[in-house]
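Lettered A, B, C and D in written order, each chain numbered from 1.
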């Protein structure tokens, strides 16, 4: 059974009644409900204000895939926790799904090495996500495109490395495009960035958005195999063949 | 005219007479000589023990392509200099050529986001670099492969993101392979990792190795165009089209 | 249950007693036995000299993943069958695993668009396959590398498009390297080229080789989703948004 | 000096007065004028109704980069000419720039191996091409995006292999997106697909469109190096190292 931990900054919901009305159990609660009831995953949640942000060694060691939502407090996430998450992805193969404003999280920027900057606009406009990777398991059950009626806009140039696989490209009413579903392989881990989502829109109640998150969790689940000898450190090795 | 700055840690040459004999003017001096006399580039050099490691704002602002060789003192490079080099690559498009043991430099690891770890062995064995990207400008003038008779071995798994373009794969006598010529695009900048080189082998006197470095400098030279609006920071924009 | 059809040219086994001794039930028989008994797949086989080469519409419509082994009679495969297989991959998402000398098959060359040419030598030398994609499901259960003691050599430059994911790089005793595990996405279909295999070596009895073939079949199984509207032909569409 | 041959079907201009008014010297004439006067290239043109479609062995042997525009008569292009063009790209490194409706040309489909199908609409709507590869030489002199006020729409899913480098993504007023600037490496050759262009819109008088075509021709110019030994055919080789 796939073990998912959903990390949510969980500040907007506590401070803003408008957000609390959309997500009474938090953004993490909305996603957790779907992944438990519709996908049968084993689901934990963790939030910023818990000790170690809820991401203790024990929690991480029981997590196959970590989902990350943050927005206003990226800087409050401790570097020690980011180091541990990074290590668990690269060396142990934990999957990572970064949602929406998580593009600016410490862990995503650390993994990608670029600024992860972008254009944005909060005008509640229409987004249409077009599938450009029709053979990818992340689009299982998804048609040629799906729409989100009211959303924040993210536009290019999105400063990321070229994705290892580009799955969705978004169209926005206001005139922009965005690479909104991006797969990255880093070390033993698999990372999926998925654009949709905002605290003041009910994005994480949308059936297509939830389906993609579920598909992504399956895709990002670690492969069972011995840990590569070189992941923790460079190793000095003897020749496998005679040298003379 | 392409303006290249060659950065060398420059410690082995000062401390080890064997290295000093191979590179009397330093590794940077050997590469500089070739790039000046054979390629006609404008070449500067910079080293660890100079103030700001020789990479002042003025030097960086006059550098199209930075070549990086380091080995025993990666940790001695100041984070402030790494930050400036990173910014100049991502935002201004300065090219970066990382040589050999530079795989473990702060700037390379920051740009790639992975551990950049690998297998290694110092046995003076034969390496054969096979071209797998026959249309790439970096292999101009290079045949199906070239050989280095005595070299240190680097072997897989090399913990890097999948290169945007893989140019060379190395064969080693002792039984390993290595992705030894790797192109990465990050922000406005282009990065080339090139494996050959070691302080105790005369690798940077080899005509094929030097030719590849010269080709890579041309490939990594910044493209002239306006700076993307989103590179320094996320920008809030007005719609380009009517929203209703 | 994954439905696999193994296609084998099946001429060497009938004509050459040495090959028949290694593969008394044909190369297809050896692979089928493993996939049935160890993986629990539903397995069919098909061969060149059957009517329509055994690949009737009915067989193809019941095939999730097609495995292809051919060598001496690529030209005997009818273009009509190649057209149908191509269409089923691109439009319906059937997976394709191309083995060894299948690099020169009509279907592989049609799908990749290049010559698929390479270096080769039949000297029974050692091959060592290094994993360069540690997070990929195709290397489940495989360590840092595995060896084949006696095999035919294939060497670079291998004239293929850059793989969408490069999984294995081979080292050969005689001095060559080869991209020996390559993933390609084409239309709705997923293609895996896997180098090991030869009619006069018992490669398809090797447990690592068989494990990789099983993993690849799972990876290449079609994703369930509506067929993209544009796959069979360009379609003229009305605007989704008002144009003025 | 870069030697460019512009191939144009050249039927619309001869049959449709509206098209002839926009392109009195043909689409090839408009592009040729820019590449000669503004880029200083050596430019030839060739058209469908000439003997061998104007692409004789002599013309091809003097062509560094071939630009291809076709629309209504793809099937009239002889397979023998397509074979020669394919061979010259793969084996000799001739560059190829495929424009707009050339997505359905025989040579493009042969090189890519997929159907190259797409959505389309002729409604004269606005297109905005966003740069997603800010370090690429093809966007030299181009800002964050450029616009074409009235154009035919092409939309996803565009059935091509994932491009080796994705340079532009188009936004269309009517609600679609499109990968409109795509780089592919095949054998020794480099291929650029560029979407803009239609016979009834003055696209090839647009300064940004022309600039991109000029940049692409420079990018696609063949690299000078020995022809890989394996490109024309598989070669049987002796070991480079002792086998025992």
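Assume contacts are C-beta pairs under 8 Å (C-beta built on N, C-alpha and C of every residue); 3 or more make two chains touch, one makes a residue touch a chain.
What you see is a predicted model, and the numbers here were worked out from it, not measured in a lab.
Engineer: On the document's contact criterion, could you list the chains that touch chain C and likewise touch chain D?
Structural biologist: Of all the chains present, those in contact with both chain C and chain D are A, B.
Engineer: Consider the two chain pairs B-D and B-C; indicate the one with the greater count of contacting C-beta pairs.
Structural biologist: Most contacts of the two pairs: B-D.
Engineer: Please flag the chain sitting at the greatest distance from chain B, going by CA centroids.
Structural biologist: Farthest by centroid: C.
Engineer: Suppose each chain is reduced to the average of its Cα coordinates; what separation in Å results between chain B and chain D?
Structural biologist: Here chain B and chain D have centroids separated by 32 Å.
Engineer: Averaged over CA atoms, how far is the centre of chain B from the centre of chain C? Could you give it in whole Å?
Structural biologist: That gives a centre separation of 37 Å.
Engineer: Counting only residues that touch at least 2 other chains, which ones in chain C make the list?
Structural biologist: In chain C, residues 128, 131, 133-134, 144, 155-158, 162, 164-165, 173, 175-176, 185-187, 228-231, 240-241 touch at least two other chains, as defined above.
Engineer: By the document's touch definition, which label belongs to this structure's chain graph: line, ring, star, complete, or other?
Structural biologist: complete
Engineer: What does chain D use to touch chain A in their complex?
Structural biologist: 128, 130-134, 144-145, 155-158, 162, 165-166, 169-172, 175-177, 179
Engineer: What does chain A use to touch chain C in their complex?
Structural biologist: Where chain A meets chain C, its residues are 93, 126, 128, 131, 133-137, 139-144, 164-165, 173, 185-190, 222-226, 228-231, 240-241.
Engineer: Which bits of chain A are touching chain B when the two form their complex?
Structural biologist: 90-91, 104, 110-115, 117-121, 123, 125, 153, 155-159, 161-162, 164, 173-176, 184-187, 228-241, 243
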